[in-house]
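The following pair of complexes shares a single chain, subunit A, combined with subunit B in the former and subunit C in the latter.
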Partner chain A sequence: MKRMKLTQQEIVLAVFTALFLAFALFLPGFFTAANMLSLLQNVAVLGILGLAMAIVVLGRGIDISLIAALAVPPGLLLQMVQDGHSLFASVATALLLSLAFGIVNGWLIAYAEVPSLFATLATGLFLAGVGQASLFSIDVVQWSKGMEGFQNLGQGSILGVPTPIIMFAISCAAVAFFLRRTRWGAYIYAIGDNPNAARVTGIPTRPIVVLQYVLASLIGCFAGFVMAASINSMPTRIFNSTLIYDVILVVVLGGIGLSGGRGGVVNVIIGTFLIGTLLNGMTIMDVPYAGQNLIKGVVLLLAVITDSFLNPRNEETAQQGDI
Partner chain B sequence: MSGEDILTLSRATKLYGGNPAIENVDFTLRRGEIHGLVGENGAGKSTLTKVMAGVVTLTSGVMTIDGSEASPKTPLEARHLGVAMVFQENSLVPTMTVGQNLFLGQERFYNRLRGVYIAAQQFLQSLNFDVPPTTIVGTLGAAKKQMVEIARAVLHRAKIIIFDEPTATLTPEEKKYFFDLVRDLRKRGVSVVFISHALEEALTLADRITVLRDGRNVVTDDAAKFDRARIVRAMVGRDLSHTLYGVRKTAVRKAGARVLVVQNLKMAPAVKNNSLSVFAGQITGVFGLVGAGRTETFKVVAGVLKRDFFHGGEIILNDRPVRFRVPAPGVRAGIAYITEDRKVEGFFETASIAWNIYLGLLAKFPRGRALLSKREGMEVGAKWTEKLKVRAISNQARVVELSGGNQQKVVIAKSLVQEPKLVIFDEPTRGVDVGAIVEIHELINRLADEGTAVVVISSYLPEIMALSDRILVSRQGKVVEEFSALEATEEKIMYAAIH
Partner chain C sequence: MRLTDAIKAGAIALGFLAGVTADALAEEPGLDEPFQKGFKEALAGKAVAFVPVAMNIDLTEGWFAGLKKELEPLGMKFELRDPNWNTNAGAQAVTSLISEKPAVIVAHNPDVQTYAKLFQRAEKEGIFIIQVNMGSAYRSAGLVGANWISVGEQETEAVVKACQGKSNKIAIVQGALSAAASAYQLRGVYNVLAKHPEIKVVSSQAADWDAAKAKAITQTVLKQNPDLCGVIGFWDGMDIGTAAAVKEAGLTGKVFVATSGGGEQKAACDLVKSGDFDLDLSYDVPTQAKQIAALIKYLLSSGTKPGDTKGLAYSTLVHVTKDNADKACWKLSDLKQ
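Let's look at the complex of A and B:
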């Protein structure tokens, strides 16, 4: 069991390499500089979302509302600018909305003790509903003049590297620093490893859980900024897409155990590349949308099954019978 | 009606992870008798009854039921053999009605509730049970729930009914009614085995009594030939070879400042009007049988238990009334609660030994430690593994890979790094090897010598006797007796702990 845990990252890496090589050899147009860049660019937003999800999953939670957090605050930003507000005030409002959303999620889960899956399922639907019902004039919030300068978050390139990839890299560095080098990161791992022990040790578990969801919401919002900047609009209907499955796929496939406390940013990067390659290859092969979903579903199922074999939630089963 | 043996066990042994819970136990149950099973916590009573009820299977030994060999592997198989067990925690479905519960598992493909209720009504009346079959089980009191359980056992034509601490949750009147029920079962030719911590009950109700100690059958005899003193002697008498706990205390530490006062603490259902004090520089041993409310009391003190259960009373720490709703402020105020279940709330299994200890430090002294320091973590880890003689390949080994004793030392180190003023050890040597027990006991003594207020909760009398300066005996949710270690004897303590 222990030996297998050590090789989990290697398995995923091997799958990624095999898939990549197979596509490079047999798929014309895959291994070209242009395609490689577009592959990376396409997965940048997914990768940033993966980081947000990772922070939550490490603490034994899950955040289904991430796509709403991605779509609504940046959509609000675009809408406000369109309506004539200043860019600064709009960004500030969007961030505040995102912050408030994270706090609500965290409070529901940490203090009201609603299971994270259901809490975020409901709040995500609520936020998306608020956005579509009262904030946005049309579903795809359009770019307007006042946004001048904001597109630099998602367009162009720095030293030849497309900006979204730079944004992903910066996010990775920031989240890795937070998780591995700060006290709060250590607390998140501790809570994910054993929430009861963390509590008894004197770690303020509930505030830390709130912090996780606030960070997830803010990082989701950042991913939305990058996305809006790169495509010059915010298609808020993305909430109805299957994007959330891709995000979970990135996290689980990368090897962050759903039972908490295991994995890190490296796993998100591996997972992102693997999913990026898979999606890109399927697009080049012109696999229809339905077929893509089928394949993603199978892969997610396999990943979840593997995860529960490798990282069982074993504190219940490990208890001995009383004598 | 009584006479021939209906169930026998010979040389019955059950190992849990290599440790015997019961060892070479011989046991016979006669038809139509009431058989009391007594013994300390961990004496093997539960295991013995679980074997009969098919919850666990024997490692070696033979069980016969009705003269033929039987080894039920599931409770269902045991039920088919005529053995039913009424557990301490009810095995009824609380959201269903009494009638539905009675026939649970026997439903036909199509059920008419009315039919179920009519059958249940007739059956309950035949037993003289005053429970309406349409009541939701969750709304019943403990005694009525037990009636339903008994009725179900009778309905399944059980020849043997096993009760695990049946009277623990009953009021005196309910107890009396329960006794009548059991006697009525005997009249019907049913054999009854019951586990009890209450010796008086065993003496009045049982026909025969078996005393277990350390997994062995010490004595089985007619209840009439027992008295309280004889049972207590049989329960606590120990092998002389048990040198580990052999040393008697000849001097006790003087009490320092009064660190903790608990007044009239109430917490349903485990703690009732509990009052006690703990002093610095002294080891206060808290003895009691399971369900005596010891752990719960101290978990409330440390803030580990959720406040929903808190009903009233006062906790005074260093002359200041406190009420910790979560453990974090308790830890900051200098309390360390060291759990009895280290796997569930003790250590972090994916983290290294050093990191476990470092997390303890971070939780208590967060200031100036926004950024983690690997070096500090290693140093703290090295210092404490050295101090507590944790044996591992390295500091970076993961805690799950250690032996029970070394795991326990890591959990202790994680709390001691917080420089607590009051340390609560809950069963400090449970699942710990003998060598480590000695070291942990030395450590606890050293802590008290250094002036820390130490509480040791233990169900193991010799441990209490070996460690404590002052012994509090807990029974049914409150401290009922206090001894100085000099005047206490195992018999006196046990006498106070059972009612």
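Let's look at the complex of A and C:
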């Protein structure tokens, strides 16, 4: 018996296409080159974070500490430059901090075997707390002299394309290459699909898990660089915002199952575009804030409900570790 | 009066004076000011608690440092309860303070309702409540802060003026919808716009005090309306994003960016100097701190009971523009010294 089966990815793609066409037809000023670029630019950082989250979720984990990784090391960079350190030393320190943070996350999850949800919840709070208590003098770390050149990561454009979009594209290409063309990437899929089988096959599962969190932390830090460069400051309070839900949303909505092993960069791109289109369209229409949340919620619910109708979960498809 | 009488009277007066001075000399030189001792006693050892929305922002750090400087030399205990953006934690802090009974609670409200009932209880229990910048629905012994309606009005007047002879299209970047400071400013904006029907608001959106959101919104608005002539922003910490969007569109100087804040050097003057902001209305945090301190001294030395007096001290707004950006601001690092 053959039944028409749509994947979550296809459903979201359909929703995205429908929305996009509707906006393009009925919303003057939406489908212009300039607006398309600003649409993409506005979700570039979210997209980069989505890539980091995807790497972790593919291996059946989750990284709630991603926003701390986005806020604290780049915040430290800006603070150090403000305090008179050189740009190079500050960038190096920020990257080292991210690296250390990723290793701690990975170690806790792979070796101490703490569930990823709790481990990263705690480490994220810890890192944000350290930042607030001892690294930054005020929440919004301001741009200062000595940062010259750094703003090119997030401002201006190359051949007419705003830099954040290019940064997102480069990240997509790098992560896609890593996941699809390297052995380590294949290992991540194997672990996500069935960790026990992966270990029995001889895959070094623990080091690979550490690698996932290190990559997530470093990509998060990179997203933070782009963001700081783009708005000339680092509002470290962003840790307290709901950004992490948007990141999970992009990933899950795009069709990367939280149970691991399914999906890839394309899913992140689709999820990011959907959110971007929604936000941009609503801003042009000047929809009030409360209305925006309502619409966002309805579209997401539609996508999720359609998915559970078309792909019902049962004992066969459900995996252990499903959230 | 006869001459002899006059001489007699003079002699008596002289003798009396001599006696007095002799008495005084015998004890201490100079005159004792009759009130300062009572003042000192009324203040020494009393506790003042500060409950901001969160520390680590230029405003609250400024108030804290300024108050500490004024109160601790008087032998007062100055303590901090930092709820770190958590409204529940803030309400708990106020509740526990009510049972600890400090003399004064200086509070920075997250919204108009949460602390209102608690403040009423606190003043009944004999604790003076002084509210800073963001007031609650309860009118307490004192409020020191910006008049948000005026902030909105003055920003809008500046933007309307800058728009003369241009497209008359403006955008509004609000803070968080639940924050009174944002809602009051919006009312101020529309108070002025009611008198200027030629002005068209092409976008009025909330960016949640978030610079990244402010940038995204402004970017989209500028793409749709490249002839925009002004943006009214509600907080300079957020409007760094607004200004970044204007700058990226190459419209710095063409789009008038008005905002408001505490007047800290890096957050206000530096950005006005660089041309990111055209106007930053400052409520001048160090002055506010001094006014709060003066109010505390006044209330505690006056002998009035909490609930007897209820006054307001709205801050004078400083218009920070290119003309005074060199000297209109304060530095957090200086205040902390």
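We take it that the second predicted complex is superposed on the first by the 272 of 323 C-alpha atoms of A that agree within 3 Å, B and C clash if a C-alpha of one lies under 4 Å from a C-alpha of the other, contacts with A are read in each partner's own complex, and residues count from 1 in each chain.
By our rule, contacts are C-beta pairs under 8 Å (C-beta built on N, C-alpha and C of every residue); 3 or more make two chains touch, one makes a residue touch a chain.
Keep in mind it's a predicted model, so treat the numbers as computed, not measured.
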Notebook entry, point to check: In the superposed arrangement, does A:Ile284 touch subunit B (first), subunit C (second), both or neither?
Noted result: second
Margin query: Under the stated touch criterion, which partner chain does A:Ser134 make contact with: subunit B (first), subunit C (second), both, or neither?
Written below: neither
Notebook entry, point to check: Is A:Ala34 touching the first partner subunit B, the second partner subunit C, both, or neither of them?
Noted result: second
Next item on the list: Check whether A:Arg262 is in contact with subunit B, with subunit C, with both or with neither, and answer first, second, both or neither.
Entry: first
Checklist line | Which superposed partner A:Arg199 touches (first subunit B, second subunit C, both, neither) | finding: first
Notebook entry, point to check: Regarding the shared-chain residue A:Ala186, is it in contact with subunit B (first), subunit C (second), both, or neither?
Noted result: first
Item checked: On subunit A, positions contacted by subunit B and by subunit C -> none
Checklist line | Complex contact set, residues of subunit C against subunit A | finding: 54, 56-58, 61, 84-85, 177, 202-206, 208, 210-212, 215-217, 219-221, 223-224, 237, 240-241, 243-244, 247-248, 266-267, 270, 276, 332-333
Note to self: Applying the document's contact rule, which stretches of subunit A touch subunit B when the two form their complex?
What the structure shows: 180-183, 185-187, 189-190, 193-194, 196-206, 261-262, 315, 318-323
Next item on the list: Would you tell me which residues of subunit B are touching subunit A in their complex?
Entry: 16-17, 21, 42, 44, 46-47, 50, 55-56, 215, 302, 304, 326-328, 330-332, 337, 339, 341, 343-351, 359-360, 362-364, 366, 369-372, 414-415, 418
Next item on the list: Please give the residue numbers of subunit A that touch subunit C in the complex, ascending.
Entry: 29, 32, 34-35, 38-39, 41-42, 45, 132, 136-140, 142, 144, 155-156, 162, 227, 230-233, 235, 237-238, 240-241, 279-280, 283-284, 286, 288-290
